[in-house]
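Letters A, B, C and D mark the chains as written, and numbering starts fresh at 1 in each.
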Amino acid sequence: MTLRGWTLPQTATGRSAIVAPPPWHYSGEIIAVDFTASPEAAAALLPSGMVPVPEGTASVVFADWCSASDHDPRVLADPAVGQYREAYVVLHVIRGDKKVGRVPFIWVDSELSLLRGQIQGFPKKLGQIAMTRPVDIGRGGVRRQTGSTFSAHATSHGRRVLTASVTLDGSSDRLPRAATLPLVHTRLFPAIDRPEPAVHELQLGAIANFECGTVHTGSATLALGATEYEEIEALGPVSVGRGYVFSMAFSVTGGKVEPA
Amino acid sequence: MTLRGWTLPQTATGRSAIVAPPPWHYSGEIIAVDFTASPEAAAALLPSGMVPVPEGTASVVFADWCSASDHDPRVLADPAVGQYREAYVVLHVIRGDKKVGRVPFIWVDSELSLLRGQIQGFPKKLGQIAMTRPVDIGRGGVRRQTGSTFSAHATSHGRRVLTASVTLDGSSDRLPRAATLPLVHTRLFPAIDRPEPAVHELQLGAIANFECGTVHTGSATLALGATEYEEIEALGPVSVGRGYVFSMAFSVTGGKVEPA
Amino acid sequence: MTLRGWTLPQTATGRSAIVAPPPWHYSGEIIAVDFTASPEAAAALLPSGMVPVPEGTASVVFADWCSASDHDPRVLADPAVGQYREAYVVLHVIRGDKKVGRVPFIWVDSELSLLRGQIQGFPKKLGQIAMTRPVDIGRGGVRRQTGSTFSAHATSHGRRVLTASVTLDGSSDRLPRAATLPLVHTRLFPAIDRPEPAVHELQLGAIANFECGTVHTGSATLALGATEYEEIEALGPVSVGRGYVFSMAFSVTGGKVEPA
Amino acid sequence: MTLRGWTLPQTATGRSAIVAPPPWHYSGEIIAVDFTASPEAAAALLPSGMVPVPEGTASVVFADWCSASDHDPRVLADPAVGQYREAYVVLHVIRGDKKVGRVPFIWVDSELSLLRGQIQGFPKKLGQIAMTRPVDIGRGGVRRQTGSTFSAHATSHGRRVLTASVTLDGSSDRLPRAATLPLVHTRLFPAIDRPEPAVHELQLGAIANFECGTVHTGSATLALGATEYEEIEALGPVSVGRGYVFSMAFSVTGGKVEPA
């Protein structure tokens, strides 16, 4: 019979597929840290046609997401499916005459997000992500206020790859670069019967409904760690910049592709 | 040498111990559902000296906690250690001439909380807990507002033991019972060289700094599930009551013990 | 620069990619149970061109794998990467004039295997898999001998989807169908800029070096469970057949594709 | 009513308790590495009455266990409950006029083993443990034969604490020290209403039915890692000794206690 499903597994109903097609909606809590990366190490992570910005800036972003899917109400309804955490590096990059963002490494603690990400060209791996979430009452947590320290870390393959903190000292009218640079991804799906990939193309997400809450800023710390399976530690950091704590939301309505 | 540590592992510094002594502080987001339990099943979970309230009421509570420890700053600082989720049943109980709460089953996704709980007499097991967390912007999640549905579930031993939802329709001036009944626990630690336990006593936590945010209320659903390792499904529910979504905070400064 | 990597993430060295191309090698311990499936439910899981065998037979297979990759020595060297467990259903199917196997549902506890499987067309999801492993000494486990019971179960989305056991009563000269039917998969990778998939084709793995140890057989039990995210429980089982416990090994050297 | 259960949770039937009393039976696959520890660091982990052996030897042990419990058949029957992995350090110690073993740090991936261990005085924490398991057929894994490398590692709090390997070059008639030194533990359970512990005593397990398979030996590597929550890295290693791969089985029938 005709099987349905945007991804595997396909069935007669389509309701077993892991991922439904966009639109997808995201509302998240962000902890981000700017840093300067080794220019050589950054360049070694970029496809042809992209070069690091001269100032060598980059960002690490931790996100605690709630997500929804127009074609699958279970994503919003089931917190075990729609909610997840991820951590990634964004290199600030020149492509043609534009500044864009490029994500060479990203870890996520969700199957849905792993595969939804791979479809968009996010190079997602599974990892364990921890992030301070603020509290409004009591002494068990930290508030979104001056002097509070927000911590975040990510582990991949049993080794710490990212450890960051932001100690709030004010707020900002400007959005951090990590939130505003359009991301250019590489969609890559291998063939099984020949060496050339079945899919290899650049992808620029179609973003809508962007919203951002108050951007709390502060001094930051950042450490990058090594594993046998990633090449993040070569990026440095050469120096650590400002940190940011804020809420962010947007929708992905699809994407545009170009030859890789 | 003299080793230090309130719990194992003990070392010369004491900083490897899993749990530091109270005071402990908690700030959490709660999803709770009242229900009526089978009176026989509830009675079969109570120690002598406690009987179910005549109306047979009970509650299921899901909590997403941030926690802190006066003697271990790492708990507040490291979100992977201080933050965790748990789910439990509270039977509403008569003990002597007082209404108290009794927790026959509780699951938690944190090592620290598992052992900190066992020390207090919470019968904690490891489980996987999911809870809707509200968002303030965007379409990726649900708001704390009328019409929103908050979902929560808990899995133990690969089987769903609790599945609940609350669809908000208002707020309340009164705190839910699940938040106000003082809990009476049984501290139990076996001996290894004789059949009688080494520790077997009732424990009433010393609670301070209690705070509660707005109590959002709504209609609720609740299903209890069976595993080979728990006896929760016999409780019913006979009927499902109201649901609650609120923030709660308190401190545990120690406890009082009585013979079991 | 030119980035390398058979899958994402691509880097200058290629060593961050999750999956390296075949050949891949597998050595595993298998617990399998034959059953008869509801013919309608089985048909609803098959693509056009495949129909259930008239006798309606199917198998559930649990596998505890060690795996290796000719182009990535880390897979063999690191037990956290190369070793994993999976569980799947194989429908026995007629395609043209041949009996083949079709896997409508499969769960695995490994990122590498999840993505390596999706590339081959295995509809892999993450799950938690438990399997009795035999012991040779002591009283802590069961032996591979008459009277021993081997148990296995799989959990997806916090719910038990497969629960099986085999109580050994002999051995067999014949390999179980689940080990010998060639599998026909569907490779499916969505496009992001149009509704039609970017890749949608049938895939038949190129298998080499097949080996099988002694096939221990026995009476079996099997239960299929429901989740909100799978459609396995409709398969029944209508009746449960024999069970099998054995070692199996093979290599995947690539694959052949056909239009879907 | 009278509640039953050797540990929490107690119920009328007793079948919800996490741990049933001994006898407990263990059959396991072991990867062990001898090393020389910093004498000062080792001494800082020992209670009064114990000193490191003059030669400063110690061992790291990884174990993949199957376990059973005479009073709870579910432990043997359910691989998700009875099977688990752990990793620990054994310091070789003089106590009075005897050589004994002392375990300052141990990580385990099982709730049952965590609590069963705490009752015996093993200072168990949760961790992620990976170990090469040998295969008998195929090319997906390694054999128990000369030239094969067995790898093992343990992660605690998202950081690698133990990384070891053994490359087999022969076998031995003698059991490794890690398998033969009687272990002296500290049972420690805090009071909640006073600073002094409720239970604080030394414990020597009553061991029966000890069995050991062929002891494969080889050259070894070992690295100890740091976390914010353990103090293992100070042990060194000063030098790394031989490695061992073998099967081991025994029963715990109870224990003897002495004042701490």
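Convention: contacts are C-beta pairs under 8 Å (C-beta built on N, C-alpha and C of every residue); 3 or more make two chains touch, one makes a residue touch a chain.
Just so we're clear, the structure is a prediction, and the values are computed from it rather than from any experiment.
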Any chain that touches chain D and chain C
A, B
Since chain A and chain D are copies that touch, just let me know if over half of their interface numbering is common to both, same, or not, different.
same
Chain separated most widely from chain D, comparing mean CA positions
A
How big is the gap, in whole Å, between where the Cα atoms of chain A centre and where those of chain B centre?
33
Gap in Å, rounded to a whole number, between the CA centres of chain C and chain B:
39
At least two other chains touched by the same residue of chain A: list those residues.
78, 80, 128, 130, 153, 158
Going by the contact rule at the top, pick out the chain B residues touching chain A in the complex.
25-28, 65-68, 76-80, 82-83, 128, 130-133, 135-142, 149, 151-153, 209, 211-213, 247-251
Within their complex, state which residues of chain A touch chain C.
1-3, 5-13, 15-16, 18-19, 21-22, 43-48, 74, 78, 80-81, 104-105, 111, 114-115, 118-126, 157-158, 186-193, 195, 197-199, 203, 228-231, 254-257
Touch list for chain A against partner chain D, complex:
128, 130, 153, 155, 158-160
